[in-house]
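Take a look at these structures.
There are two complexes below, and they share chain A, which is joined by chain B in the first and by chain C in the second.
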Partner chain A sequence: MWKLLQIELFKIFKRPRTYISFGAIAAMILIIQLGLKFDGKSYLQLLMSGISDSFYVPYEMILNGYLVAFVILNTLLIQVPLLIALVAGDVVAGEANMGTLRLLVTKPISRAELMLAKFFASVLYTVLLLIWMAILALFLSMLFFGTNDMLIVRNDVMEQIGRNDVLWRYIAAFGYASVALSTVAALAFLLSVFAENSIGPIVATISIVVVLTILSEMKIPLYDNTVKPYLFTSHMLAWKGFFYSKANSNGQAISGSVENLPAILRSLGILLTYMAGFVTAAVVVFRKKDILS
Partner chain B sequence: MSSVIKVSHLSKCFGDLVAVDDLSFSVNKGDVYGFLGQNGAGKSTTIRMMLTLIEPSEGDIEIFGMKLHSHRKEILKKTGAVIERPDLYKYLTAYENISLFAKMSGLSISGKKLMEQLDQVGLADRAHSKVKTYSLGMKQRLGIAVALVNDPQLIILDEPTNGLDPQGIADVRNLVLHLSKNQGRTVFVSSHLLSEVELVANRMLIIDHGKKMVEGNVLELFSTAEMVVELQTSDADKTLTSLSGSVWEKYFNGRQRDTLLFKMDKKDIPDFNRFLVGKGEGVLLIRPVHSLEDYFLSLTSNNRHVEAFTN
Partner chain C sequence: MLLQKTKGKLDKINDYKATGIMKTDVSFLKVPEANVTVYYKKPDNLKIKNNKGISLVPKGAVSISLTDLLKGNYTVIDAGSSTVQNNQVKVLKLLPVEESSNIILSTLYIEESKFLIIKAITTTKDNGTYEVEMTYGKYISYALPDKVVFTFNTKDYKLPEGVTFDYDDGTKKQTENTGKNNKGKVEIDYSSYVINNGLPDSIFK
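And now, the complex of A and B:
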C-alpha cells in the first residue's frame, strides 16, 4: 500500500496542474496580507464598527499576525474546497480520460488497494495544501505583523485570547480543516469514479459544495433542525470553535479552554462519517465497474 | 500441449446488446494466437474480460490453469498487455512510466535493467523525453516495453498495429515473432487485419457479432481456403487467348487492368506456371493474394458490404 501511495503521490506532484492550487493560495494570501499591511486599520474599523463607539480599540495592537491569519482562514477556507476538487476530482476520471486506468487495473493489485492509495494520496495533497496555507497565512503573517494577544469579535462581543494561548488553537484549527477538506476530497473522489472526464466530477463537486453551503448558511427555521445538522457543509467551519474560549466569572477568557469542545468533536465525527461513506461507496462502485475507457 | 488460456462459454451483455456470445477457445503454451474479427465483433470486450477490466455476464476464464476470478493477482503477475491505444502518462518520461509500472507489478528493477527494456524496443536514447513528445509508433513500442516489464509468460496485444506506419507495423510483427520463437512466450494478438495475423500467428480464431466463426491452425485454415492468384504477364490479352479452352480457363476470376485474377488451390500454382511458360507467356508475377481475407469475409456478415463496394 505504501508503494502504491508513493506512486500516486509521484503522479500527482509531477502534474503541472497540481501547483495551480499552491500558486493560487500563495497569491490570495499575499494579496490579503498586502492589503492589511497598508490599510489594515480601515478594515478593522469597518469590522468593529458596532463596538468602536463604546470602547477604545487599540488597532495597532489588534492588527497582529494572529488576527491576520484568522482573517485569511475565514476568507480562504470557503474557496479552498474548489482547489481540492481540482485534484481529487481528477484522480480516477483523469486516468480514465488518459486511458491509463485500464493499464492500472491490469496490474496485480486489487481494485480496492488502488482506490485507497488514490484516496490517501488526495488526502495527503489536501494536508500539504493546508500546511502550505499555514506557513503563508500564519507564520508569514507572524513575521510581517508580529504577535500579540488575539481579539475575536463574535456577535458584537470582543473576546481576547492571550498571545501564548493562540498557537495551539491554530494547530487544532488546521487539523480540523484537514478533515473538513478531506471530506470534500472524498466527495470529489467518489464522483470521479463515475466519470471518464475530470471536468464533470470537478464541476459537480464544486456545485454540491456551493449549494449545500448556501443551504447551511440560510436562516430559515424550517431547515435549522431538519436539514442543516445533516449536511457536511454545516460542519466544515466548526474549526472556528477552537478560538472561542470559556470565560471566568470576570468575563475573561480561560487560557487553554474551548467553549464547546463536544460540539466540535460531534462535527468532526459527522465529517469523518461522511468521508468514510464517500470512500466506501467509491471503492464498492469501482470494484464492480466495467472499465470501458 | 498445455493450455495457457481456456475460455469456456463466455458471454457479455451490455443491456440488450450481446457483445460476446457463448465464446469458447483455448490457447496453447508457445502459441502466437491470432484473434480476428471486424471492428465491433467483440474482440476488445473479450480481451477486457481476460484482463479483469470487464466482468463477464456468463462463462469461465482459466489462465495458467487457474480461474481468473479467484486467482486474479497470480495470473496478472505473469501477464503483460497492450490494450488498444498505447495510453501512458504523457507528462512523464518513458523511463518514469516503465519504472512506475514495474513498481505497480510489485517489482524492484534496477535502472540499468529498465534501460535495457527500453533498449529492446529502441527507445533507450529517448528514455528521458516526456511521452507527449513521442510519435504514435514510439508510444506503441513503449506500451509493449511496459507490458514486458514483469517478464510475462503471456502477452496480450489488442490491435497493436492500429495507426502505425508500415515500418511500425513491421517492428511490432518482428517483436511478436521474437517473443514467441526466441523467448518461448505465448502471445495472444487481436486484429481486424487478417493479412497481419497470418504473418505471425500459428493458430487463430475468427469471431463475428461476438460468436465464434472458426478456430484452428492457420496453415490448415489457409490450405482449405481457395486462393486468389494474381498474374501479370507481358501481354495480358495474349495470355487470356492462350487460356481459352484450357483446363485453367475455369479458374479465371476477373481482370484489374493488366493483372489477371484466378481462384485456385495453392498446390496448383506451380502447374499453372508451367502451363503459362509452356505457352510462351512472359510471366512477370504470379502470387497468391488476400487468400485469408476472402476466407475471412466469406465467414463474416460484412461480406456483402465489401462486394457492394467492389462493384
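And now, the complex of A and C:
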C-alpha cells in the first residue's frame, strides 16, 4: 500500500496543474495581505462601526497577524474546495482519459487497494495544500503584521482571545479544515469514477459544492429546518467554532475554552461519515466497473 | 463649601500611575479580564493601557478621574441627601455655565465626613449618560478608589450574517430581555498607585 501511495503521489505531483493550486493560494494570500497592509484600517472601521461610537478602538493593535490570518481563511476556505476538486477529480478519470487505467487494473493488486491509495494520495495533497496555506496565511501574517490579542467579529458579538490563547486554536482549526476539504476530495474522487474525462467530475464537484454552500448559508426557514443540518457544506465552517470562547457569568471570555465543542465534534462526525460514504461508494462502483478505455 | 473641600482633596493629586484588573461586561463583547495600567495627569489626561494586549475602553471613561467632572464653571444645586453603599451622602447637581461644555448635568453623591465622591452620574452631549461608582480603601486619604465601576449606554450591535459567515452550531440564540443589552459596565479593581511621581506627556498621545 505504501508503494502504491508513493506512485500515486508521484503521478499527482508530476502534473503541472497540481501546482496551479499552490500558486493560486499564494497569489490570493499575498494580495489580501498587501491590501490589509496598506488599507487595513478602513476594513476594520467597517467591521467595528457598530462599537466605535461607544468605545475607543485601537485599530493598529487589532490589525495583527492573527486577525489577518482569520480574514484570509474566511475568504479562502470557500474557494479552496474548487482547487481540491481540480486534483481529486482527476485521479481516476484522468487515467481513464489517458488510457492507463486498464493497464493499472491488470496489475496484481486489488481494485479496492488501488482506489484507497488514490484517495489517500488526494488527501495528502489536500493536507499539503493546507500546510502551505497555514505557512502563508498564518506565519507570514505574523511576520508582516506582528501579534497581539485576536478580535473575532461575529454577527451579534465581538470576541477577544488573548495572544497566548490563539495558536492552539489555529492548529485545531487547520486540522478540522483538512477533514472538511478531504470530504470535498472524496466527493470529487467518487465522481471521478463515473467519468472518462476529468473535466466532468471537476465541474460537477464545484457545482455541487457551490449549490450546497448557497443552501447552507441562505437563511431560508424551509431549508434551515429540513435540508441544511444534513448537508456536508453546513459543517465545513465548524473550524470557526474553535475561535468562539465560553463566557463566565459576568460576560468575560474564559481563556482556553471553546463555546460549543460537542457541536464541532458532531460536525466532524458528519463530515467523516460523508467521507466514508463517498469513498465506499467509489470503491464499490469501481470494483464492478467494466473498464473499456 | 462641601464641593470646594472635595475638589481640594482631588487637587492634591498631580498625577498617578495605577495598576489593576479591568473587567468588561457588555452584552455584545466577550473579552477576558485584563491587567491594566491607568495613567492620570492633571488637568484631565487619563489613559487606560492593557499591559499585554488590546482593551476596548468606553468613551467617557475619562470621567473616572473625577477631576474632569469638576473642571470649569458650574452652578451647584443642593439636591438633598441619599444613601449609597450604606453611607449617608449629600447629593449635589452641577450645571455647567459654559454652553460649549460637553457635560449637560452632573449629579455627585458625596460622603460629607470624608469629602469623597462615592458616585457620579453625568449626562453628556456626545456620549449619553454614564455613571461612576467608587469604593475606597487603602488610598482613601488621597481620595483614590480601590474599585471603580463605570456604567454607560451602548447601542445595539449587529452585523449582517452575509458579512461574518458565522459557524451555526444549531443552538437557538435567546434574545435577552433584561435591559442589559443597552447598558455596559467596566470595573477596575486597583491593586496599587504610584502618586505624584511625574509622568511624561508622551504617555497620553
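Quick notes on this structure:
In the analysis below, the second predicted complex is superposed on the first by the 292 of 293 C-alpha atoms of A that agree within 3 Å, B and C clash if a C-alpha of one lies under 4 Å from a C-alpha of the other, contacts with A are read in each partner's own complex, and residues count from 1 in each chain.
Just so it is clear, contacts are C-beta pairs under 8 Å (C-beta built on N, C-alpha and C of every residue); 3 or more make two chains touch, one makes a residue touch a chain.
Because the structure is predicted, anything quoted here is derived from the model rather than measured.
In the three-chain model built by superposing on chain A, chain B and chain C fit together without any clash. When both complexes are overlaid on chain A, the residue A:41 reaches neither chain B nor chain C.
Judged by the touch definition given at the top, the superposed model places A:16 against chain B, while chain C stays out of reach. After overlaying the two complexes on the shared chain, residue contacts for A:160 are found with chain C alone; chain B is out of touch.
Between chain B and chain C, the partner in contact with more residues of chain A is C.
For the pair chain B and chain C, the model built by superposing on chain A gives 41 Å as the shortest CA-CA distance. Once both structures are placed on chain A, no chain A residue is touched by chain B and, in the other complex, by chain C. Contact residues of chain A toward chain C in the complex are 47, 50-51, 53-58, 61-62, 74, 148-149, 151, 153-163, 217, 219, 229, 234, 237-241, 244-245, 247, 250-255, 259-260, 263-264, 267. Residues 23-33, 52-59, 127, 152-155, 157-162, 164-171, 173, 184 of chain C touch chain A in their complex.
Interface residues of chain A, counted against chain B in their complex, comprise 3-4, 6-7, 10-11, 14-16, 98-100, 102-110, 288, 290-292. Residue ranges on chain B touching chain A, taken from their complex, read 48, 51-55, 72-74, 76-77, 79, 81, 83-85, 87-92, 96, 100-101, 103-106, 146.
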